[in-house]
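The next part holds the structures, each set out as structure tokens.
In what comes next, chain A is part of two complexes: it sits with chain B in the first one and with chain C in the second one.
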Partner chain A sequence: MTQELLMSSTETRGRPGVRRYAMVIDVRRCIGCMACQVACKAEYDVPLGVFRTWVPYRVTGKYPTVKKQFLPRLCNHCDDPPCVRACPVEATYKLEDGGFVLQHYDRCIGCKACMASCPYNARFMLPEHRTYTDITKVVDKCTFCYHRVIQGLVPACVQTCVGRSRIFGDINDPNSEVSQLVARHATQVLRPEQGTKPHVFYIGADRSLTDYGRAVYHKDEQADIERAAFNRNKHI
Partner chain B sequence: MNEYTVFHTMAWPSAYAIYFFVIGISSALFFFSALSWFREDYRPLRENAFYASFVLLAVGGLLLIGDLSQPGRFLNILNPAYLNFQSPLAWGGLNLISFGLVAVLYFFMMRKGDEVNGKRLAIIGSLLALGLPIYTGFDLTVHQHRPVWNTPLMPVLFVGLSLVSGAAVASFLTKGSEAANSAMRRMMLWSGGAVGAMLISLLGTTAYGGVGAELTFMFLTSGTLGLIFIGLGIIAGTAVPIVLLLAPLGRQQVGMMTASVLILVGGMALRYSILYGGQILQTYY
Partner chain C sequence: MLKLTRRTFLKASAGTTAAAVAAPSMLRAMEADLGGRDIDPVSLIERKSIPTNCHVCNIQDGALAFVENGRVVKLEGNPEHVSTRGRLCAKGNAGMWYSYDPDRILYPLKRVGKRGEGKWKRISWDEAYNEIAARLDDVLTNGHPNEIMLKWGRNRTGGVLERFMHTLGSATILNHTSVCESSKKIGMEPTWGPDIEMPDFANTKYVLNFGSNVLEAAYFHNPFSQRVTEGRVDSNMKIVTFDVRLSNTAGFSDEWIPVYPGTDGAVALALGHVILRENLQDSDFIENWTNVSVQELKDHYKQFTPEWAAKLSGVPVETIERIAREFATTKPATTYTYRGPAKHMYGSYNEKACMMLPIMTGNIEKRGGYCLPRGMGYDQPQPQPPKPATPSYLAHPDEYPLAGHKVSHLVPFWITEGKQKIKVYFSYQDNPVYTNPGADAVWGELFRNEELIPFYVCLSPFMGEEAQLADIILPDVPYLERWEPESMPSSLWPWLAIRQPVIKPLGEGKETRVYLQELIHKLDPDGSRGMKKFWGFKSAEDYLRKQFENIPGLKEAGGLDFLKKHGVWPIYGKLNPRTGKISDKSGREIAAEYGLYRKELSAADMAGAMVDGKGAIHKNGKVIGVQRKGRNYVGFPTHDRLINVRVDQWAEYGFNPMPTFKRMPWHENMKDDEMILTTFKLNVHKQSRTAAVKWLAEISHANPAWLGTETAAKLGIKTGDLIRIESGVGHIVTKALVTEGIHPKVIAVSTAHGHWGYGRLAQLKLKEAAGQYGAADDPDLKNVWWDDKGVHPNHIIPAVADPIGGSQGWYDTVVKVSKAQPGDKYGDMVADWNKHVQWYKEGMRYTYVGDMHRKMHPEMASWAGPDSVKHKATGGH
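And now, the complex of A and B:
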């Protein structure tokens, strides 16, 4: 990545002197155990119905050559994040050193402009009631486990990933594992045309999962039923 | 489509569509009241249109605050230490507050009959009123990944919708004045025509857009949303009233009233379907 590709002043990839954390998800190694999803739920007391990370899948091919394609999802900690632009009160912001996109929970007014502006559905509204945590009724999302990373740990999902499908590190450091993986492999990011410069890189992601498809017409009825129930209970 | 995925909710629910509707009408009504200082045919509208505008501004403000998940923090939007001018919402908040303040001053000048200051405030207030539909349009336009929303048309379309819906409401407030009625009829025709033309280009660019736009076009033109967008918004709420207003019946009170009601139904339907249309596809992503 070279300096001349930087489009906006907020981008820190390739900028000397600062870290730019990134995640590489090698979907060839993902077995769909959802341990990351569970670890994240446990780490943050993520309420029912909302997710900081989730692992959708799709079955492709025709019997007997079928395959389950997984695509772990989370906030992409974009280098040029539209959610930060959209927030009227700077409740969502990007840390220059590290590139984490984070939230000021005590400042968020709950206008949901950031949710509308995120092309990846990475954001959600926290419900009114939570079991152990008193942060409620504000927008939340994945933090790349900022609190763990600053203590020298990796994010909870990376720590728990049994297939070592998720790798985390500083992409501005040429010796880091993420740098090496991105340099050596063909990688994909989600919806690159949006200019968000996502910092979750996939190896071997299937296009049927990364793109919008016409199959949206065969909608997941169950997801619709669950969404309707969730809205009825005024969780958002 | 995935065999397994989690569901995602829409960021902006229907309360926003009602807000767009109400605030658009409020700003147009203020504009008509302000025009009355410069044009005699608008004179019967001065007080009535202003009062209706002010009530709708208050309703719109409450709707907007009520839709925040933290309504108590709405003042954060006025905190200079927090304000982010890259966000149209920040501009919108300032626009709303300053419009409200100017409207209060305007009220006193109107009551006093102060021609000089009344005119001045009418101009300032009209510019601020114009800002309201423009900023609501920008609220949608800035989301680069949303088909239908992310077009330069949105702010202009919202101005057109504001004028046509405002004229529809104002046509009930003319106190039976021939001149004001005919001014409102003309306003509905011209702004309704402009909205119609913009909707045609919107449909064209959406239908021939990328994958997201194309799928959104199909959502907007089929099923329940199709009924709302095409049936109520474009046919019943834009085309029929224009035809009605052009017909001899449209010059009579009953024709104009019918056209106004249809325009209001259409104005709400269009705002609702544009707001929802831009969000459906992504909830499945």
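And now, the complex of A and C:
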């Protein structure tokens, strides 16, 4: 209990005077259209083979009682981010006002310690070739669209979300939609046992999806085939 | 290199902080804007925003294009667009890759080798015009204008192609609607007027979805999906989906009810049977607004028992009875259909059967119900060329008098049979060699035959499977580089919009309305042929301006200039960041108008009108409305202003005028080892053109065949195994995907994959050099990690048509599925033209002049036969 009340020096949830941005993903509203994933690719000229956000799915049940569920994924912009602690050169950092976990591309030495420390697999190494952006061969990740948010815009994935499944805002403001959604609904976060205090909250996420990519109950053979192709032909 | 520090963040966000401090008592947080602007993440410079209209597929969402350094880098939905509300689907978000496809054709090409050999010569526009004009001149001088044929796949030119063909005097205009949804249209049009419904998903409490995958494709994927999620989560609506396969829509639904392919109509009739048997219908609506009585309906529906439907469809009797009661007693409720019911031999009957459910429960034009589509039109500049005097057999085949949207997929057989001679063939955004039944085995066969198609001009910027077989390719331009008018009935609020060039046409690309005018001017330089006068436009923009000059309301708002600035008209309100809905000035969501058929006629309308004993209001030889309880209503846009449950025109041709169901004869006696092959669209692809879009291809690049767990176990097949799918016309060799989400008697293969044209990415031939036809390379394609391009199923699907609606029976193909045989290779596609001809002939036996027609319609025994009707030319587009 006392552990719960203790706040690490980096945590900004509930700290007066600063914003703490968060995303709520209402899985009940996610139709798996992949608009978010593609909008993100466009916003950042994200190369093939890597993703800042992605939408895995599971088919659960036995014929004819079968469901298909999606779980949009991205960096959780943890309040206590292990990647920040793991970075030997302070290339990865967390902004106090806003809570964004960001990356200094010019400091990154590409050691991948942050990638190894992230329990969400949210970080990746940029390949050598991109369409028009010259930041390459360093680690990149979702920025919660920092550059848009500071100019009063929601992140690109939220902007285009067809089912309005993704909602973004300041969870330190009790009147924001994200605060109210979290207050009204039972929410889930991914891998809470890691103590990272993730700031992507899910409504209606099923265990077959939140059990972090390991298809314990419903093995997805097609995903294995795709993964094998990626490992066979990857360029990073 | 960008440095993000805390200082820059505070500096950049100072404005918002100040606003928040100034208004501490606000109950509502300062929510961020939902869009309308975009910023470069590296330079932090705001990107230039230009409104336009998406055209990756045919949903036609309002879009904003963000341009940076002359390049379109980002697309999003237009926040001022009432249907789109600022959002685009995955395809729309990736639309710039139509323009920046490294294998795009950027100058005119002329074939130099044999047809299909792949040898091309770059020629100038002038050379291209001279060649084409000489061919057209020959037809116009020595032949008949109908020997010039144009077939489009997607025509959103706003009348430009029709003007071109009518200028030449040819009626041989073909479309693609018969491989799309035409039997849905034909099922609906004679019944209530329009060819599509507008379900009010956001406000309904119950949706019966028959075979529509609206959350991935269908009309109108993005706008409707927004409302489906709203209804489901905010309004506690229940959605029940009948489908042979667990689509994303079925997987999202409260209940997925698998049905045997093609039997949706039987289930719908049985649902109606239960509703009428238990007296749950809306008798008032039926008596007042349809052309049948409740008693007639009850008598007619007696035959469609749940037991009968359960036997055909596999849906249990209890389920049918339960769903019928739920649907009839939950108000408001709606149905929604798409290709599931319609794309069968008797798809028109299926559609009609589904449509009867909202009609008999009185859910028509109610808030949360099944509404009429809301549309808007634009003008055609004057003078217009007259409609051609001689009809074309191919455009209006005698055997399909009711198929108002044509039967274009049977054209290769008719040309081969010599029904109509073709000398010059134009194709526009149409790749039948890939998209049509039979694919290369049918259309490739046609195009390779230089006697049947002596000259083929392909109007396309991409080297698709059809373009590979052309004689001349004119580099048309993708949607971000053109002027076009647009309107779609995609929400409860009608709208008009434009596409405008966001960037200039790349290379030597030209837009359709520009090069067709130049071609006509080449053909008629001095106007002596009477063609030039229809093509006096100063520019593409000038042409479009004339289309918007005289629209009441828009004219006052500024006409084309308003549309150039906003992209869409009218603007009904502002996108509310708190709700994602369009709000009026008071902050409330804008209100829709319902009950369109109950609009009252004005005194001026009634002047000189006469009301008959049934309440029909006659004026100038037409029925203009319906009188009920002393009030004069406009009614439905049909000949008698009522919903025609009984379609008398169908009876003239020996078809059942009342709701009915006919089972495909070749599904009657299927053997144990036979299954039905069905195809489908995925969330990230349209049919033929998105395989070359890298972000979409990355998500979905291969199309393993879905097989049910039980079926696969019986056949000894596992996911990833090589399998052979054999139909009556050929076989393909592909891989299996074993899943719980499919009917045990169905094998499903998605389309959009397995290209043998369409550039290097679609074919995974990335070792070949980029920019073969002048386009710039994309270094990112070096990162392609997948090595499976999929296998296209259309080769082995025979071309058959609904004898009423003319629609291709995509989901009727009986196949045998087995493990691959020795010698089979992944990607084998073997199909035989002669076998396709046999199947086409088999299909023709079911037309109203065919020998099977009477056998299929014993209830129409009193019909006097095909000689009793005279062929009437039908409308359609």
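Throughout what follows, the second predicted complex is superposed on the first by the 207 of 236 C-alpha atoms of A that agree within 3 Å, B and C clash if a C-alpha of one lies under 4 Å from a C-alpha of the other, contacts with A are read in each partner's own complex, and residues count from 1 in each chain.
What we mean here is this: a residue touches a chain if its C-beta (ideal position, glycine included) is under 8 Å from a C-beta of that chain, and two chains touch if they have at least 3 such contacts.
These figures come from a predicted structure and were not determined experimentally.
Once the two complexes are overlaid on the shared chain, A:P16 sits clear of chain B and of chain C alike. Once chain A of one complex is fitted onto chain A of the other, the partner contacts of A:D211 are limited to chain B, with no touch recorded for chain C.
When both complexes are overlaid on chain A, the residue A:R130 reaches chain C alone and has no touch with chain B. In the superposition on chain A, A:E96 makes contact with chain C only, while chain B stays out of contact range. Touched residues of chain A were counted for both chain B and chain C, and C has more of them.
By the document's definition of touching, of the two partners only chain B reaches A:K112; chain C does not.
When the two structures are aligned on the shared chain, A:P88 is found in touch with chain B, with no touch to chain C.
The interface of chain A with chain B overlaps its interface with chain C at residues 49, 59, 226, 230, 236.
Taken in their complex, chain A has these residues touching chain B: 49, 51, 54-59, 82, 85-91, 107-113, 115-117, 119-121, 124-125, 137-139, 191, 194-195, 209, 211-220, 223-224, 226-227, 230-231, 236.
Those residues of chain A lying in contact with chain C across their complex are 26, 28-29, 31-35, 37-39, 41-45, 47-49, 59, 61-64, 66-69, 95-98, 102, 104-106, 127-133, 135, 143, 145-154, 156, 158-165, 168-170, 173, 175-177, 179, 221-222, 225-226, 229-230, 232-236. Here chain C touches chain A in the complex through residues 1-4, 6, 9-10, 12-13, 15-16, 26-29, 31-35, 37-42, 44, 46, 71, 73-77, 86-94, 96, 215-216, 221-222, 225-226, 228-230, 232-233, 246, 248-252, 256-258, 577-578, 580, 683-684, 694-696, 698-699, 704, 708-710, 718-720, 737-742, 744, 778-788, going by the rule given at the top. Considering their complex, residues 1-9, 11-12, 67-70, 73-74, 76-77, 79, 82-84, 86-87, 89-90, 92-93, 139, 142-146, 211-212, 215, 218, 279, 281-285 of chain B touch chain A.
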